[in-house]
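In this document, chain identifiers A, B, C, D and E correspond to the written order of the chains, with residue numbering beginning at 1 in each.
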């Protein structure tokens, strides 16, 4: 019963909550939203135990939706998506709680959108039907668009439309590719179906068309990741979005790109994705992302922008891990996806808390904060360290696994990627210094209040996870291992197959 | 026997009609040129009717009805625009653009 | 009410009357309204009365259409003047529905603009009648006459506001270019007639197949000219230049009507014509391909440069014509079904958008800039929501009927091997985000310029109903399109497809009377 | 060259020449009158092409009714008086010539286009039909039989046009 | 079977961790509970030392040939990567654990006095405890990644403690510099780990070293690369060329920190690592030679800089770099026991020196504080004649100075002599080592010189502190002098730990470490020096040390010094040395600034803002808009133009149809 209903409940409950919010009084909005998101989290928590690592796709439910087109409402999770779902349900209550003071206008709408966004995000990760996936992929665009555009900063309109159009561009081309793919599979099997399982089972070899189809998928996901040079929407969107928006954007939305690669682009077109030239190119882009993101982050005057560019860097590790295609690197990539959600989410919360107090995010506006807000400083330090991958924090586990794994297939790339650890220290530590260390010379900063219990409640779960995963990631790794293994086996080219690849 | 020449003459007349529409700015004259085009088509119909059956002649009949209807409405519209603009020269009728 | 209508013999008067019942009832309604108008035409009440009678007429015609559809009416034999198939019924419904929505929106609009011309409704009915004839036409002559009936009525509707110089100009431009285009269409008909000795769609298809005419010069010339004529009516680039100006100058409900029903009628006729008569002629596909590309790209690009909401919608409707042309170019059964579905979705969103514009434009709709909608969400949340849904649907965003429609078109295009066209379509859609989103942005993300900026925005109960129905439809069909898809599919499939070219013996020469 | 052909080319020449004059005359009245000449010449061609009834209609409806309407409006708007030409400038003329030329070139192939043999009636069948059923009868029979529906539509079309013209032209709204 | 104390080995790192957590909580919520902080901070160290000592005692009775590995939980089990959170206890770890906890405990105690007035007292002890935790993890970790946790962790604590007084930017900068430079080294460590796993399929010490001989051909490229990357890590952590620049700056931290982290423990981690990986280094002669060469060069280079520094702590800092170079010379030579021996003795005497200097600075600071003077409390030019005010400190520091200068029979003499002896011995087989040996000797000379200089300027001659200030100069409290005395004692007798057989000692440490280094030792050329040569070496070493001290005493004139405020700028070679060979400036100009410039001007402002965002993203949007604008200009409103376009369309369509 639970196994069948849980994913649907996860999808439906936030929408119910959103409707309830809209009819409730404005002053209840945030509390209701918190309650709703906590319930959502509570629904998702048993997944952790009920999930059978070895069993592949589970918690499946498949109901015909538009049978004319072979479209089903089909959901399920495996070891890859499980953690994305859990991460989503985990971050949303925190985002709600973190927005308590940040969001002062149109609260009902804000929290309702946040809940709808939750639905969309969960939907993307659990969809096992290409149509459903596409719909979810697009649907969460709208709440995020509004969240940035209505509650964002100065330049929010530009950021919102840029975010929207960028993503829209990629996803529409992906839509065409999905249709073509389903059509090609239908030609082969006689069954016109958008079912993921059907497509992946019958995709076979697609010939030269595969190159274009992969290209469309690649563009959609690469924009979302974002990979260099499709990344410029990210700094704008991050900077302008309200805290909750930034947290979810970085924590979840970016992962949709890498998730897309893991679930769709690579398994569908292994002969293209793993073609030596394509593979080299993508790994090169990943490396550029790692170093470029880091170096550009280093010179950002705006703390949020810095974090945004650091995301480009972190996601580069994920891409490297996926394309290195070893068990360690793929699991490492999955871990980086989780860790980035936690660490960067926490960083955005922290910056948001600064912003609530001082209404600026410029690094130079601060200095010496450790003196007035020691607790804040301590948590910021810890989170920054996890972001730069200090061992015994979560950041290290992911990056280390990616590096260990990718070194086995791409030693040079892994070595170059390792310089990312230097770059990471180069961008985050100076920022840290300029915010919490240095003389406390700005009078505005002298009366700052330290973290309130509410803010602690937002941060401590994240901090706990940061330490937990850093010290004992085994439960995560065990749950994802069979799925990662399956992913690798499904795409690893048969011996001698690389020579006769399309194009 | 006359089909070929008739089709050619019809095409030439049609072209002249188009030419007129391209050449003139007076709404009424342009409309007359359109009538010329319709008549050119009528010639085609009639010429074809001689070889293909009486239906072609019927079409001419219908076209005449259409021409009459268009003339009625068209000239009323021309009157309307004249009331507003005091001219029927299309060069001066460009309120809507961009 | 189950009657066996599966084999109507259209050469018998009784059956012909049954087959033409919707059109006849519509004619009757028009005449009744004309009488009502002749009886009383001075006060607002008279205007409203005429409107209600019109609605009743449309309802009766729709009932008749439903009756035919429900009983699966079909004609026996092939060479009729009028098709009796689901495609016609569904298209008729669409026209009747659009006309009804337009009437509902017009009630308040006519009073507000003090247009005491109840003939408006008569012309609307005549135009709708013309459309139903176009959608049902099985013969080029019926098609041409239906088209002219519709056009003549709409020319007048465009200029019905005689106090308005832009309206007069719109009418003139529409009329002059329309007549010009009719000339080409007619010439095309003549040449097709010359090549095939018939004007019946099915027979043309048969002739093409049996005589092997797919490369016949006269036929191809005729086909080209026909495409020009239709290209004009659907506002395909480069025959689109009239559309923005005319849409801009016409009274807004009429604009909505033109952008939806008029275009839909032309498309329906074009679809039937190309499918039944020219299905075996490859030449048009490439032309339509290029028309589609040009229309999508140009429409979207120019719309991007518009500041006036109304003109933006005008260009956007050009762009949507381009999307529909993609369905035409796909030309498969899926294409026709996609086309029907898209028309429904497109009609709903466009009617609602123009209705909202009409409500907003108390000081003249032409002056409503996109930025004038700033802060609407605070003042009128439901209207803003409705408009936002329309915009998203126009954009083709999932969850709305516009998305399903676009998806269907893409499915059809991809299945027809037109992957590149599909890619161009989506890229054009991306451009369209650049002008649909600012509307949402203005409503939700910009502050209200003044305290009373949106005070005058009133739709009235009927207008609200129209918008509500449209938006509900958009959202419903966006999530649960199954029934509509089925209708679209069956109706699309009911259009006969021209037989493939064969080398069988040519038919014997027929007698001179042209039977 | 047979006699009919000579007559045909004579009237065709007249039609073309007067059409050319129609589109180039500066005065709208002159244009209209030259158009009337074209219509008459076409009527003559119709007779040559075995369409006597249509030729009569052409004279009655077109040259008679419609063109009178035109002239009437032209006079009403006082466009007959000499004034600045509405012919476009050199650029317009050039464009028109170029486009017209290309169009004519494209239509040029029509001079040799004939319907394919199987669908052509034997020569003289039109004349035979008219002898059998009478000039009017040959047209009337299919008009009220096969083409009943289009015929009825024309009535509606004219009705709509009348309503439209009235709406647009009446003095008060 | 390991007995009770060994089973509790996890307590050794865990106790400081608990101390950190408790003190950290106090720092945030009860920063003034100093008594509790002191009790916890020092208490956990003493307890940890006790546990470690007990464990070592037990271990000594067992003296197993293989290390004892304690697995606690699976850390990163992924496929064939089986990585446990495990500790390993062997002879090497035992030495390090004792040094860390023992010296650590003393320095904690010293800190109680030194930091007593500081508002960040609790935070300080929290950091210090955390440091000890990570340091113990480093030395006890059973695999490279676990060691790496400690490796980076100590770097973090170093960062936090250098920047402890963060409200002065120079301190925060120094901390940041330390971290980033260390990260460069950590890059090497990481890559080495990647290579090791790639080649041996494991990261556990026991397995890697067991498989090393089978996997790596001697002097192979891979193992050489591994050792070089590992050594890159060492240069960062242990402040060797080229990554040494952070250590002098690290003196911005509190002086006990300098004593603990930047002298006794953390900076020796590199030496420990090389000793730990002796198997790998033995397989890679080039790697070993690089270690020894870089060590020797650093030793000499840093010693030259130390000659001309005025800041008392900076002299000691460069001295530390120099002595670390010695240790690397030792372990690079293959004399792991000698290197470790020097590590231990250095821990004693350098901790003593730093704490002594801390005592001096404490006094000076106190004096200046009392008179509200803003002079530099660490500049030797402001000192002089302090032996009269700080007699205990002076005496103890003289002991340490003699030890570091290599005067027998102090501990430093034996350890240094062993390294030089080993280098000389290897030189008989590989002549390049003669160069290294000579550099070591030269360094010894300079060391004796600059240390004597330090002592002379600080404690002898006339006092330059100021007349008013002079009255406030006095010895600190017992909590500070007590640890000094213990360390002094250790410095005196530390040599007994590995008294060479030459003088009748048992070379205890050498034999103790044999199980660890045996494998590596076997792979090296066996060289033996005759007793005569050894005695000659000892004699020359003593002579060199004496020469250095004597030279300093003769050449330097403490009486001629003027206080720092009035001192003339340095010129010539002196300036070059004073400016530390301009290494920082060169790095700044060659690396730091170009990278910053590149990131800011090229990557961000040009590539990101102009090309990607400006040209491609916004450019395409602008282009679309421009095209749209042109299109809407074509919509002239004039029907004539529309018709033209219409006809053009007709021609195209008809042309397309007929074609």
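One rule holds in what follows: a contact is a pair of C-beta atoms (placed from the backbone, for glycine too) under 8 Å apart; a residue touches a chain by one contact, two chains touch by 3 or more.
Given the structure is predicted, the values throughout are model-derived calculations rather than measurements.
The minimal number of chain-to-chain contact steps leading from subunit A to subunit D is 2. Measuring from the average of all protein CA coordinates, the nearest chain centre is that of A. Simply put, of B-E and C-D, more C-beta pairs touch at C-D. Averaged C-alpha coordinates put the centre of subunit B at 25 Å from the centre of subunit C.
One finds 44 Å separating the Cα centroids of subunit A and subunit C.
With centres set at the average Cα position, the gap from subunit A to subunit B is 64 Å.
Here the CA centre of subunit D is 103 Å from the CA centre of subunit E.
Annotation for subunit B: residues 7, 14, 17-18, 21-22, 25, 30-31, 48, 52-55, 58, 62, 66, 69-70, 73, 76-78, 80, 90, 93, 95-98 touch two or more other chains. Multi-chain contact residues of subunit D (touching two or more other chains): 88, 92, 95, 99, 103, 106-107, 109-110, 113, 115, 119-121, 126, 129, 138, 142, 146-147, 150, 154, 157, 160-161, 164-165, 168. The set of subunit A residues that touch two or more partner chains comprises 165. The set of touching chain pairs reads A-C, A-E, B-C, B-D, B-E, C-D, C-E, D-E, using the touch definition from the header.
Residue ranges on subunit B touching subunit D, taken from their complex, read 1-20, 22-26, 28-29, 31-33, 35-36, 39, 42-43, 46-55, 57-58, 60-62, 64-73, 75-80, 82, 88-89.
By the touch rule above, subunit E contacts subunit B in their complex via residues 632-633, 635-640, 643-644, 647. Residues of subunit B that touch subunit E in their complex: 18, 21-22, 25, 30, 90-91, 93-98. The touching residues of subunit E, when paired with subunit D in their complex, are 640, 644, 647-648, 650-651, 654-655, 658. Listed in rising order, the residues of subunit C touching subunit B in the complex are 141, 144-145, 148, 152, 155-156, 159, 162, 165-166, 168-173, 175-176, 179-180, 182-184, 186-187, 189-191, 193-194, 197-199, 244-246, 248-249, 306, 311, 510-514.
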